[in-house]
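Below are two complexes that have subunit A in common, paired first with subunit B and then with subunit C.
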Partner chain A sequence: MAATRTGSRSRSRDLRGHVAAIVPTAFVVVAFLLPLIGLLLLSLRPTDTMNNVLPGFTGAQYAEVFGTSYLWGSVVESLWLAVRVSLTCLVLAFPLAWYLARSTSSVGKSLVFVITLSPLLTSEVVRSFGWRVVMSGEGPVNVTLQALGLVDESLPLLRSPWTVFLAVVHVLLPFAVLALSASLGAIDNRLLQASADLGAGALRTFRSVVLPLATPGIVAAAVIVFSLSMGVYVTPLLVGGANQSLAGLRIQTEAMVAFDQPRAAALSFVLLAVTLAVCGLVGLAGRLAERGRRA
Partner chain B sequence: MTSRSTRRTTRPLTRTLAVTTALTLTGALAACSAGGDDASGDGSGETLKVAVYAGSWGESFAKAFVEPFEEETGATVELVPGGPADWLTALRSTKGGTPAYDVVAFTPNVIPSAVSAGVVAELDTAQIEQFDQLNEVLAEQSNVGGTQYGLPLTVGSTGIAYRTDKVDEPPTDWSDLLDPAYCGHVAVSPLTFNTGVEFLAGLINEAGGSITDPDDVDAAFEQLETLKDCASTFPADGTSVETALSNGDAWVAAHWDGRAFVQQNAGEPIGFAYPASGSVGALTSLFVTEGTEQEELAYTFLDYVASSEYQPVFSEGTWYAASNDQNEYPAQFDGQITSGQGAYDDFVWVDYETITPQLPDLQARWQEIFG
Partner chain C sequence: MPDRPVSARPPLSSAGRARARRALTLVPVVLVCAFLLLPLLVVALSSFNAANNFRFPPSGLSLRWYAEVFGSAQWLDALGYSLRLAVLVVPVVVVLGTLGGYAVGAGNFPGRRALGLLFLSPMAVPGVMVGLALLYQLQRTGLVGSAQGLWLAHLVVTFPFCVRVVAVSAAALDPALPRAARSLGASPLRTFLTVTVPLMRPGIVAGAFLGAVISLGEVAVSVLVAGAGEATVPVRIYSAVQVQLEPTVAAVSTLLLLVSVVTIAVLDRTIHVSRFL
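Presenting the complex of A and B:
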């Protein structure tokens, strides 16, 4: 009798859970999937010479994306930037996240927390403009270099692809720190102690204990930073300028300058597909690493 | 207990309803009385959505045209800030229904696409009182295939802006931007931005060619190759050109005269050179959108925009000449900006009708050089 009542309560809880999930699920369907389907259909539409959308379906937009170095090259360039940014963010975020998750100094933690994550409180536009000011011809970096006698004339730092790379890393680093610190904070202190007791040095403990246990956080951070880097638009445009060969900028050009909405949609879908494929591979690698650890 | 608590909640509710009703009635009566006494026009209660630029352009537009229009007609103008590409995209997405705006400002690079998409209506020039006073050259730039669509408002010309404290010998023509003396300090705008196309057109014109001739375009791209390692920044909008000059990221740049003179008059070390072979015309025109429910009010508003009474106010704010040939400007303005009949005859005008479909390919070539 008691078991029946418990089962009935459990079913009732399940039902309430299902009902509660309906609204957000419906929201995701309406706000994300439906526009995505609309975009997919748009990417299959033909256009006239003035890029007005015509009725019918064609794969010409995708053929153009894959067959034109101007468009496909931008996807490759975005992929390359995203890989470099993701790896750099992971390397930089790890010690920061470790400190935030494990340090016993509340003052130190608060300081690092504010310094690392406060950029999230300002918009990407403001942060990118900050980089513009710092790296400009008469900005602090050039003024310092000239004052030190290292260069005679100001350097065109804004043109350098390294400036864009650094700015994107700066913009996305807090996301990696957040994802990693949650994972590192969950590591049981007793495991670290046990490793030390068994004679493992810091490096061995890091490699054999910390790294495997941090895998979910590493995967999450990599996926978030990689996805955001693939579609990054504002920072490269503001910092490096319109000559950046990135897919985000190409999509904007196709949609808002050439007014070729179907081609912009096709390029968006190719970018999305590449992003999902890489994120899937990262997730798979994480799962394999996890399985290897358990075996 | 229950009934008392109900009474307690009902009383304030009743009082709130009574107060709200009284306030609403008072407001409505006040609105009726204001409409009857103050507004001399017949636009009371009407709203006109006008898409124009933000910043000093929009502020000057509001001061010059919107304020007198609202005062005299009683109508309200809602200014929607943004850029031509955003507005065209919004109009395309609302095509067939109520357009997103009643009146919209477009630059020549967007006009062929807007006309082709059917989002702007043919302009009934007979309804614009002072249309005959508008400069013919400018009016011609707002028509497509011989049909007048736009009302030309403001004209600037693209020439060469430079840093007076960095450049010893001011540039005199377009090809001076390729001078090795400026290497590492040249702003080169992409062809996705008007100034980029206008620089290309100026360069071709200086060589005696036309931007619609593929051979001339090839020759200009060969010239651009020499800038490959000399460009210091690639501004994609007017503000970025200004910032690049102000911050020292560029010492020379193709730029609009009005914006450069505003910087100069503000005390910045910025000079402006009108290229000897010809400046490139940059025009902004206003269009009535197709399917607007406020067509009559839109035409009334365009009357204000075309008027020689209000245009000089706008020019003083933006430092751009306006289209009415009868305009009278202050002496300082006349000293810096050429305007009026004959002033635009030597301008180079980009044939956007021909160029627009080619722009993605041209931009791809630009990208090969500077990307």
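Presenting the complex of A and C:
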């Protein structure tokens, strides 16, 4: 009898935090999960010619998404943008993450930390507005180019897809830096020293020591940046205008301009599925790379 | 004697080379930092432009756009709406985030990791999709364009960030302290409120500031659920920027930037770099 009592008491002491979880779990289920399920059901509803939602189930919305280049093409474009953005963010994030993780100067670290976080905590509209000004006809970029005599007339930079690309990289770079710096900080200094002592140059050390050990951070950064860039719409819309083939923008247009919510829902689930599939592949590739190295 | 300079040179030049190499590795750091800061600095600078344009460098400095913002009923309404919304969002999300972050960071029960993923999932789903799902739900309950609908949307968006920072504090918690309080006879609730919560304070403070700054800047979800009625500052900027570039937008944006700067200063003091996300 006494034994059972101590047993149950120690078990109840082991169980910790489950009561605290009840309210937030209920919140996420009601405010997020159920609406998402509602959206999934909506994507399976038929519509009439006025885009009114009818009862019943159909896969027609998905057939439409895969069948029209206007919609499916936007998913492909988003995928292409997300791949370029992820790779660029990884490359640009490396020096900052390395500095944050390795520098001995606490002032410098604090400064780089603040600069890294500043775009993250700044509203997307403010950053997009900033890029509009930077790239405008009389903005700093055009003024500099003209002052250097590289161009005679101001370039229409705002109409260039590269401006949207740069702005999206800017939005997502902090996520890559933070994800990378965590795993770079965990690399043992002695390994780097050992590599240098054995005669490896900086490049060799980077390739054979740093890169393999940073793989989890690289995978994490790639997954975060990729999945966030797949759905962006505010930045491309404000910087480059509504006339771009990007899935996030098309979802917004279908829902808010064409008022075809079932189609917008279907497109968003296709986008989510593609995003999750690519993230799964990236995670798998990272794990295989690690296992291959260990073998 | 004559070989002296020769023997003295190698250590000197290798030290010089090391310094040069260190300086060289700083170049990309500085360049990327400049890239991150460029649009923000340009916004702040252009808000003080005396002329009604965005020419660089500005021809003169003035505060006229700030005067215009504070003299405009539209912008004042938006600022008031944004602030009221943040005041209603932050306390609720702090309570939800504290409970959730504690459960995920310091909890010990089956399914804790899965619950952690569930709590962070609103961050992983594209904003346009969260907005669409909430829009459809709100339509069915007749709350589109209402403050309640926007409040709910902001809670969903800020919640994962809040959970994340509190969970970091909760994970660092020494379980011996609440256990001591319990063995001294404190009830579980009293232990949580008087021992556990104060120990998680850095995370909770960081979560509150993050929640405030994200709510004040949120646009991707808000645009979808906001309807045609009252608009928050970012939603108003969103509409304004699509029409044309106005210097008043630069002034309002700089005010938002100021909030971000304060938040960053708080975050820098309360939590550490690598643990932020």
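Basically, the second predicted complex is superposed on the first by the 254 of 295 C-alpha atoms of A that agree within 3 Å, B and C clash if a C-alpha of one lies under 4 Å from a C-alpha of the other, contacts with A are read in each partner's own complex, and residues count from 1 in each chain.
As a working rule, a contact is a pair of C-beta atoms (placed from the backbone, for glycine too) under 8 Å apart; a residue touches a chain by one contact, two chains touch by 3 or more.
This one's a predicted model, so the numbers in the text were calculated from it and none came from an experiment.
Residue contacts after overlaying the shared chain place A:S136 against subunit B and subunit C alike.
By the touch criterion defined above, A:L271 lies against subunit C but remains apart from subunit B after alignment on the C-alpha atoms of chain A. When the two complexes are overlaid on their common chain A, residue A:F32 makes contact with subunit C while staying clear of subunit B. Looking at the shared chain after the overlay, A:S227 reaches subunit C, while subunit B stays out of its contact range. In the superposition on chain A, contact is made by A:A255 with both subunit B and subunit C. Contact with both subunit B and subunit C is seen for A:L237 once the two complexes are overlaid on the shared chain.
By the document's definition of touching, of the two partners only subunit C reaches A:P119; subunit B does not. Applying the stated contact rule after C-alpha superposition, one finds that A:A194 touches neither subunit B nor subunit C.
When the two complexes are superposed, the chain touching more residues of subunit A, out of subunit B and subunit C, is C.
By the document's definition of touching, of the two partners only subunit C reaches A:S181; subunit B does not. Common to the subunit B and subunit C interfaces on subunit A are residues 132-133, 136, 138-139, 237, 255-256, 261. Residue ranges of subunit C in contact with subunit A, taken from their complex: 21, 25-26, 28-29, 32-33, 35-40, 42-43, 46, 53-57, 95-97, 99-100, 102-104, 106-109, 112, 115, 118-119, 121-122, 124-130, 132-137, 140, 152, 155-156, 159, 163, 175, 179, 188, 192, 210, 213-214, 216-220, 223-224, 234, 237-238, 241-242, 245, 249-250, 253, 256-257, 260-261, 263-265, 267-268, 273-277.
For subunit A in complex with subunit C, the touching residues are 13-21, 23-25, 27-28, 31-36, 38-39, 42, 92-93, 95-96, 98-101, 109-110, 112-119, 121-134, 136, 138-140, 143, 167, 170, 173-175, 178-179, 181-182, 185, 202, 224, 227-228, 230-234, 237-238, 248, 251-252, 255-256, 261, 264-265, 268, 271-272, 275.
Taken in their complex, subunit A has these residues touching subunit B: 48-52, 68, 70, 132-133, 136-139, 142, 153-154, 156, 158-159, 237, 240-245, 253-261. Those residues of subunit B lying in contact with subunit A across their complex are 85-86, 88-89, 92, 112-113, 116-117, 184-185, 189-190, 192-193, 231-236, 240, 243, 247-250, 356-357, 359-360, 363-364, 367, 370-371.
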